[in-house]
Structure formats: structure tokens, C-alpha cells
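One chain, subunit A, links the two complexes that follow: it is found with subunit B in the first and with subunit C in the second.
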Partner chain A sequence: MVRIDAKNLSATEINRRIKDAASSADEIKVVNPQARHNIAVGVLQPCNITIEGSVGYYGASLMDGPEVHIDGNAGWALGENLMSGKITVTKDAGASVAASMRGGEIVVGRNAGARAGISMKGGTLLIGGNAGFLTGFMMQKGRIVVCGDVGDAVGDSMYEGVIYVGGEIGSLGTDAKVEPVSEGELIELWALLEQHGIEDKPRFRKIVSEKKLYHFDKLERLEMSAV
Partner chain B sequence: MVQSTSQIWARHVIDDIHAKADIGRYRIRGFSTFQKVTHFDDLSFLSTGLTRFPLEGYKEKCNTQVELGGRHASEPLVLETPVYITGMSYGALSGHAKQALGTAATMVGTASCTGDGGMLQAEREASEKLIYQVLPSRYGFNPHHLVAAQAVEIVVGQGAKPGTGGMLMGVKVLDHIAESRDLPSGIDQRSPARHPDWLGPDDLAVKIEQIREATDGRVPVSVKLGACRVSDDVKLAAKAGADIIVIDSMVAGTGASGEALLDHSGIPTVPAIVMAREALREMGLYGEVSLVASGGIRSGADMAKSLALGADAVAIGIGALIALNCNRDIPEADFEREVGVPAGDCHHCQTGKCPVGIATQDPVLEARLNPDEGADRVANFLNSMTMEAALLTRSLGKSDVRSLEPEDMVALSLEASAMARIPLAGTNKVFGWD
Partner chain C sequence: MCGISGIMYMNGGRNGVANVGSDLVKMLDALAHRGRDSTGFTVVGEQLDEDLIVRLWTEDAEAAKDVLERVEEAIGRAGGVVVTTRSWGGFFRLTVNYEGEVSRLAETLMTIDDVVIHSIGEASEVVKDVGVASDMDRDHHIGLMRGTHGIGHVRMATESKVDITHSHPFWAYPFTDVTVVHNGQLTNYHKLKRHYQSMGHRFLTGNDSELIAVYLADKLAEGDSLESVLTQSLDDLDGTFTYLVSTKTGMGVAKDRWAAKPLVTMQTDDVVAVASEEIALRSVFTDEELDRVEPQENEVLTWSV
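Moving on, here comes the complex of A and B:
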């Protein structure tokens, strides 16, 4: 195990030490992160990272492969563009958690801010508490599971992918609709929750795209078909 | 005698209203604005006479190499000529076109840039100096591609359609393009205008730091702006930590844009460069933050004038595509039948029916563009631009394109004098500023 005391280190030095240790250490522990921005950025190989304390913006972002556990809160854009791997944060996450995520899994123990799962392109985002407005905004693929409530305009302009909400829905976004959830889906979702130590079994509602914004209503002659 | 037809309700206006009456929405097209704006033709160089000596125009050494992004990056972008290929997406352009542009850039020692569709492997392999764009859509964004790039460009806006995202009509969103962008096939794709993970300039500063962390501070981080509120935007981008600022003007090109934005938004290239230069100068960062101009650069003369106004380099899009054969009546093409206009009048990139295989995803059309032959033509054009700029520079008695300055030029119109902040020819007066 490599232990990095971040108390007097810059984000650049913290990241350098994480990247240096990633290929050899079985576990990397970062203590005293002091909510700095850009901690654990750009780690592109499997490794285990534990951060004891809160991180600022872009914690564990631009990653492919690592498993990161953050014992604290996270600022904006936690796990941005995750390709594969897993990120858990025990407390709250700020706005734009899992922005443009392409694969892997991100788990928020408590609440998430606005725009959770914005532009998601794959993977699973699980939020144990509530999520803010514009959850799943312009989502393209993947799965968002919110055990609590979501704010206004959930699923606005989403293309594909699915958003499950266990609590109240503030309002649906443009081109989003509620669709019935099958028993099979519920069982799968409850298993996911159980796997992450969440005992509740909410009767999730499912939000998907209505697909009415896929095309302009009318096209000009030359815009219509390929040669 | 007055005109026999109305200036206000001209034929093209009538046609436009008829089209909108049929489709019930704004119209979409490619190419660039049809507005008449002040441009580089309104500026002229003051070559040498008796006040200074020229260099031999065809022989003496004239440096054209420029370095961009040295403000923070440990590996700045070094270009053998102050022009590179701007970001144009794989999707808007065919794979053959992207590959040809990358190859041409490498042939002349300059860079090419990805675009709003992620990185095409063929372009990566062709382009030794690849600028990787970070766009609001993040289509195909991959940190492995990011760390392999020679520069990173965060796109805030595009001159042809500032304040909005990319656009790719469904006719071009075939399965392979849809897959690379994680989108459903065939949709009329309208990309996000806002970045998913940051909103304002203070956030941008953290985003730039994030890119630096991911790339170990090696490569320059550029910020591309559509030229609108240039002074404020440039200052905010510089304060956020940009190594390079790209100003993309209202005459810049696009594969598809709402016409209302193409023609009625932004400012021309000439005042955009000057405003950006002055904004950096006010911050004490002129010369430290590299400045790149794009929009309507058609020749080495336009490039030289951009540098004289204060840019460190220019980026070209449409010019490179024309070199590739855009609007050329090649034997395989039938412009009238395929896009309804003769070669030379085509601006139908949005339709995917490009008769010369550039702005299309149709394999039959794409086959009309041989990437190796196309690369040769683009490299020739880039070389001609370099030679023209060097020719003008030597005629001014200078041996380095970086020595070009506003004092080397005069304006040929009142508007150009005011916008370029240089004297009107035949006067000593800078209109609007003296």
C-alpha cells in the first residue's frame, strides 16, 4: 500500500504520486485531500485508490480502469468521462456528477447536485439520495438510478438510456416520458441497491426519451436522403 | 432610373420565404456566411521603397516557423508554417477527407485538429501534430486520445454559429457515425451548446487545470471562441489560463448551421484579431498567450495580414477543403444533378451529397476523393500560402513572418481603417480612433 499525505502537496504532485504508484501498488491511499480540485485525474490503468476526505471539482475524472473510494464529499464533475472502473463517494456529490461518463459505475452515497449524469454515454450512475434539476440532461446511453427524489426537468432532451427514480419527480424535461417498469427490472435494481448496502426497495419509476426531438419536423428536398 | 426589381424583396429573399413557408423552421446550410463584410481585401501592405530595403523575394531566408502555447506547456506546438487545419468533425467530413487533411498537415510540418466527432484513427496516424478538441458534446471523447495529442483545444464557440452547438443532419448520421458518437442512427443531431462539466470562466480555469493534470502539463491548452464579445471573452480565457486563444470569426465555415446564425451573428476576422490583441495587451499577456485567427483565410496574403494585425498563426477550414476539390467539377461528379447547382456555387455540405466526396458519409461519393492525391493538393496549397506570406514579408524588408506588424499596412476603406485601427490609404488618419 502506498500512502500519500496530501496535506502539503499540490494537485499536480498528488497526481504524479498516484500515477507512479498505479502500476505497482495494490492499494493507494490519499489522506488530507483538503477538498482540492483535480485529484486522481487521468489515471488510465486498473488500480485501487482510497481518498480519506473530501475532494473538489473533477475528482477521479478522465479515468479508465481504477476503483476509487472517496470517504467524504465531492465537488462538481466527479468521475467526468469515466471509461471503465468504479467510483464511490460516501457522502454528497456536487453538480454534473458522471458528466459524459462512457462506462463503469459511479455510486453516490447521499445526494447529488444538478445535472447528474449529464451527457452520459454509458455505464451506471447510482445515487442513494436525491438528485437536482436537469438530471440526465441530454443523456445518450447508460443508466441512472436515483433512490430518492429528482428535481425539475429530469431527462430533458435525452436520446437513449434510462433514468430510474425511487422518490418524487419534480417535473419531466422536454421530450421525456415515464414508462412502466417490469418486475424483472425492479429485481435487478434492488439487487444493485443491495450490492451497495442500500436496504430500501423503492418502486422505481422509469424515465426514457419520447423521441419526438430526434428529427426536424420537415426537411428540405436535399436534406432528405442519401444519393 | 431606378432598378427594375426590388432591392428589399430580391429574388433570393422571395425564395427564402417560400422555403420557410414550406418547412416551418429556420433553414440550414453549410459553407460560410453570405453577408458582405469588411475583410482582408480591404487592407494592403506598404512594401519597401527608399525608406527600407527589401529582401530578395525569391531567395533570402525568411523564417515561417512559429511556436504556440509556450505560456505553460513544456512541449509547445511548433509549426513550420503559421497555418494549421482547423477542427472539422469526422461525420461532417468523410474519413478520406480527414485522413487527407492530417497527411497534408504532416507533409508541411503543421497540425490538424479533430472536431465534434471524436478522433478518427486514420487522422491520428496521418497527423504527427494533432490538436484534440474538447467540445460540449464530448462525442467519442477518450482520455487515451487526449494524452496522445500534441495540443488540446477547449471549444467554447464556433464563428459560424456562436452560442450554439454543432449540427449534423440525419442524412449524415449513418451507423458508423452514430456509433462513434453514441447516438441513435439517423437522428438530426444538434450538439449541446454548454459544456456538461463547467459553465463559467472560473470553472473553465479548473477545467484547464484538469486537462493539464491529465496531460502532465506537456501540451498547450487552447480555448476557441466564436468572435462576438471578443475583448471580454479573450480576457476571461487568458485569466482562466489558456495557453492559446483561437478567435473564430463570423466568416468562418461550417458543415451545417442555422442560416440565421451564419449570417446574423458575430464579427469579422479583421476586428476580431485587433480586439483580441488589444485585450491581451491590456492584460500584459500579448506575446505570452498565443493568438490564432480563423475565418475566411484564403491565401498567404490573408495569413500575412492576420499576422500583421497581431495573430501568431491562422487556422483554415474551407480553404483546405477547396484545395481537396470542394466545388471542383471533377469528371466523376454531376453537381447539377446531385446538389442542384453548378460546381462553384455549392454550399450544400449539410445534405451529405457532396459530389467530390469531402462532406459526405456515402461510400460511393467518398470514393471520389483519393486521400493521397487530396493530401498532395492540400500540402501544395499550404506551401503556396507559406511562400506568399514569405514573399510579402521579404518585400517589407523583413526576414521573419513574426516581425509583421500593423504599421506594415494601410486600409483601403473607412470601415477597414476603423476595424483594423490602421490609417486609411492616402491619409494619416485612423478613422474612429484618432
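Moving on, here comes the complex of A and C:
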């Protein structure tokens, strides 16, 4: 186990030490993060990172492979562009959690701010509590599971992907619609919750794109001659 | 970008006031990465024997002595009595006994060339300067200022120029004790400014955030509650904003409909602190277990001492 005390280190130095440790040790512990920005960024190999305390903006972003556990809160854009691996935060996440995420899993223990899963392109974002305004905004692929309530304009301008909501829906965003959930999906979702220690079994509602907003029926120049 | 923060001791510290100045310095230092152009503070609540605290600034620091004489003369002309004065590097702090309309005092002060009013308050005073919070603490001894509450701002300028006068907080001329710090941009600034000018209001700068202060003070003067005024502002102000307002006994926050600008809060039974980022709250609250709350879109919060 490698222990990194972040207190008097620059973010660059913290991240350099994490990357060095990732190639030699399985377990990395970061203490005294003091809600600072850009902690645990750009780690591209499997390893286990535990952060004891809150992180600021872009915590655990640009990752491919690691399992990161944050014991505290996260600021804006936690886990941005995650390719693979897993990020858990025990308390709240700020706005734009899992922005542009492409794979892997991000789990928020309590509430998430506005624009959770904005422009998500794959993977699973699980939120134990509520999610804010514009959840799943311009989502393109993947799955967002919110056990509590979502704010207004959920799924606004989403292309593909699904958003499951266990609590109240503030309002649907433009081009988003509610679709029936199958028993099979519910069982799969409940298994996901159980895996993360959530005992509730909400009757999730499913939000998908109505696909009326975007059209790709204008032919490209080279396609025209083929018709 | 810009960073904002505020703190209020709701049950008062020792002797009813707490080290609000040093708390704000710590919080704004922690937010220095959000703006290094200028920094400013409002500290409210020190018990004074005098009626008003007047904070002024002149660009011509070398002529400060002459300027101060003209200021004292002007206050006398308006019917006030200067009780104490402090002057350093072009900045002035005066305490004044004054019974009349504050607008008359303000207008008289405005007739002096090269003098800018930073604030007139019964309980609050604005200190602002270029540079970061630690620079300001060194030059203005912010850390020694005590009060019940206060707000602060670090600026990365997007609207209007970088100088001391265009730094936050903005005082609402000529109302006492209403000051604002703002993170964001107002898009209906010129329209609303013209509206308030046509009603007879005066603006001291070309900065959009000053409008928020005047807007709120004007409505508060009509007797509306702080919460009601902040809620009305969500519809009346257009653009992106998370702003903080401090009044003689209150502090409030309003966040725009897009939730575009950050804010988090932490609260105990006695103290509430708010800031753009948790990093600032952690500089005053050491309890790791304290819950952080992030206000959402169209949300208004108020506190009072």
C-alpha cells in the first residue's frame, strides 16, 4: 500500500505519485485532499485508489481502468470522460458528474447536482439520492439510474441511452419520454442496487429519447447520386 | 470565473461578534484560483457608537491629505460630524454622526473630485482592492475586522474594467448596508440600468453586478422581505448568476435558472458559510462529517443574525 499525503503537494505532484504507485502497488491511499481540484486525474491502468476526504473539481477524471473510492464529497465534473473502471463517492457529487463518460461505473452515495451524466457516451451512473436539473442532458449512450428524485428537464435533447428514476420526475426535457419498464429490467436494476448496498426496490420509471428532435435524413453530396 | 463566499454567525460569537474578517480571508485565499484580478470584502455587525461608517477611495493617493480635508468639509456641509478618520494609500474610513437622509450625504460626497464611495453603512463596510486576499489582508488588515457576518469576492473580470472601483462587493447607492458579490454575467443589464436611472437611481460604475445591488436595495426599501426580493430577482434578472447579498442583519443567495454558477453551503447550529467551492468551506470548518449542500437552479436561501 502506498500512502500519499496531499497536504503540501501540488496537484501535479499528487497525480505523478499516484501514477508512479499505480505501476508498482495495488493499493493507493490519498489523505488530506482538502476538497482540492484535479486529484487522481489521468490514471490509465488498473489499480485501487482510496481518497480519504472530499475532492474538488474534475476528481478522478480522464481515467481508464482504476477503481477509485472517495470518502467524502466531490465537486463539479467527477469522473469526467471515464473510459473504464469504477468510481464511488460516499456523499454528494457536484454538477456535471460523469460528464462525457464512455464506460465503467460511477456511483454517488447521496445526491448529485445539475447536469448529471451530461453528454454521457456509455457506462453506468448510479445515484443513491436525488439528481438535479438537466440530468442526462444530450446523453448519447449508457445508463443513468437515480434512486431518488430528478429535477426539471430530465433527458433534455438526449439521443440514445436510458435514464431510470425511482422517485419524482420534476419535468421531462425536450424530446424525452417515459417508456414502460419490463420486469426483467427492474430485476436487473434491483440487483445493481443490492450490489451497492442499497436495500430499497423502487418501481423505476424509464426515460428515453423520443427521437423527434434530431433528423439525419438530409443526404450527403456523395449519397445523393446513390439514390 | 470569479469566486464568492460568505459567513454568518447566527448566535454571535464572543461579545456578539466573531472573526468574520479572518474567516473571509481564509475562504477567499482558498478561492484565489477563481480570480486574481481583485478581491473585496463586506464585513457587517460591529457595534459602533457612531451613526455611519463611510468607506472612500481616491486614485490620487499622494493628495490623500487634501482629499480627506475636502471630505470632512463636505460631510460637515451635509450636516454630519466626523468622529474618527483613518487614511492609508488613498483609502479612507470615517465614522460619522449623521441624522439626515443618507442620499443627501452621498450626493455631497459625490461632488468631490476624484473620490469614489465604496460604501456607506450603519453596520457594514466595504473594503476592496486589486490583488488576492492575502495581499489585501496585509494592506487593509481585514483579518482584524470583526462582525456578525460578511461576504467576499475574488474577481476574474469578464464585464467592465479591472480596477478598484469595479471590484466587488458593490454597494447600492445610496442605500445603507446593501452590498452584493456576484459570479456571472447579466444580459439585461443595460435595459434594467436605464429603467433604474429613469427612476432616479445613480450608478457609480459600468459593472453589471452593481445593478443587482441597486435592484435589491430599491425593493428592500419598499418593505419587501429579503427572501421575497431574491425570489423576484430570479425572474427579473437575465443571464447567469449566483450572487450573495448582505444587509444589516441578513445574508442571502440566489442562483439562476440554469444552475450555471457553483455554490455550496455548510451549516452548524451557530454558523453558516457559503462559497463557490467546498475547498473554501474546508478552510473554516474542520469537521469532516459536516454535510455540504449544493443549492440548485432557481433556489434562494436567506439567513439572519
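Assorted remarks:
Simple rule for what comes next: the second predicted complex is superposed on the first by the 215 of 227 C-alpha atoms of A that agree within 3 Å, B and C clash if a C-alpha of one lies under 4 Å from a C-alpha of the other, contacts with A are read in each partner's own complex, and residues count from 1 in each chain.
Convention: a contact is a pair of C-beta atoms (placed from the backbone, for glycine too) under 8 Å apart; a residue touches a chain by one contact, two chains touch by 3 or more.
Here the structure is a predicted model, which is why all the values come from computation and not from measurement.
Measured by the number of subunit A residues touched, the leading partner among subunit B and subunit C is B.
In the superposition on chain A, A:Ser54 contacts subunit C only, with no contact to subunit B. Once the two complexes are overlaid on the shared chain, A:Phe133 sits against subunit C while remaining clear of subunit B.
Using the contact criterion defined above for the overlaid structures, shared-chain residue A:Ala114 touches subunit C, although it does not reach subunit B. In the superposition on chain A, A:Ala99 makes contact with subunit B only, not with subunit C. In the superposition on chain A, contact is made by A:Arg36 with subunit C only, not with subunit B. In the superposition on chain A, contact is made by A:Glu220 with subunit B only, not with subunit C. When the two structures are aligned on the shared chain, A:Trp76 is found in touch with subunit B and with subunit C.
Residue overlap on subunit A between its contacts with subunit B in one complex and with subunit C in the other: 37, 56-57, 76, 115. Every residue of subunit C that touches subunit A in the complex is listed here, in rising order: 33, 258-259, 262, 264, 277-279, 281-282, 288, 291-294, 296-297. Residues 34-37, 53-54, 56-57, 72-73, 75-76, 91-92, 94-95, 111, 113-115, 132-134, 151-152 of subunit A touch subunit C in their complex. Looking at the complex, you find that subunit B touches subunit A at residues 19, 22-25, 27-28, 137-138, 141-144, 146-147, 169-171, 174, 181-184, 186-188, 192, 196-198, 203, 206-207, 209-210, 212-217, 338-340, 348, 350-353, 361-362, 364-365. Listed in rising order, the residues of subunit A touching subunit B in the complex are 11-12, 15-16, 37-38, 41-42, 44, 56-58, 61-64, 76-77, 80-81, 83, 96, 99-100, 102, 115, 118-119, 121-122, 137-138, 140-141, 159-160, 214-220, 222-227.
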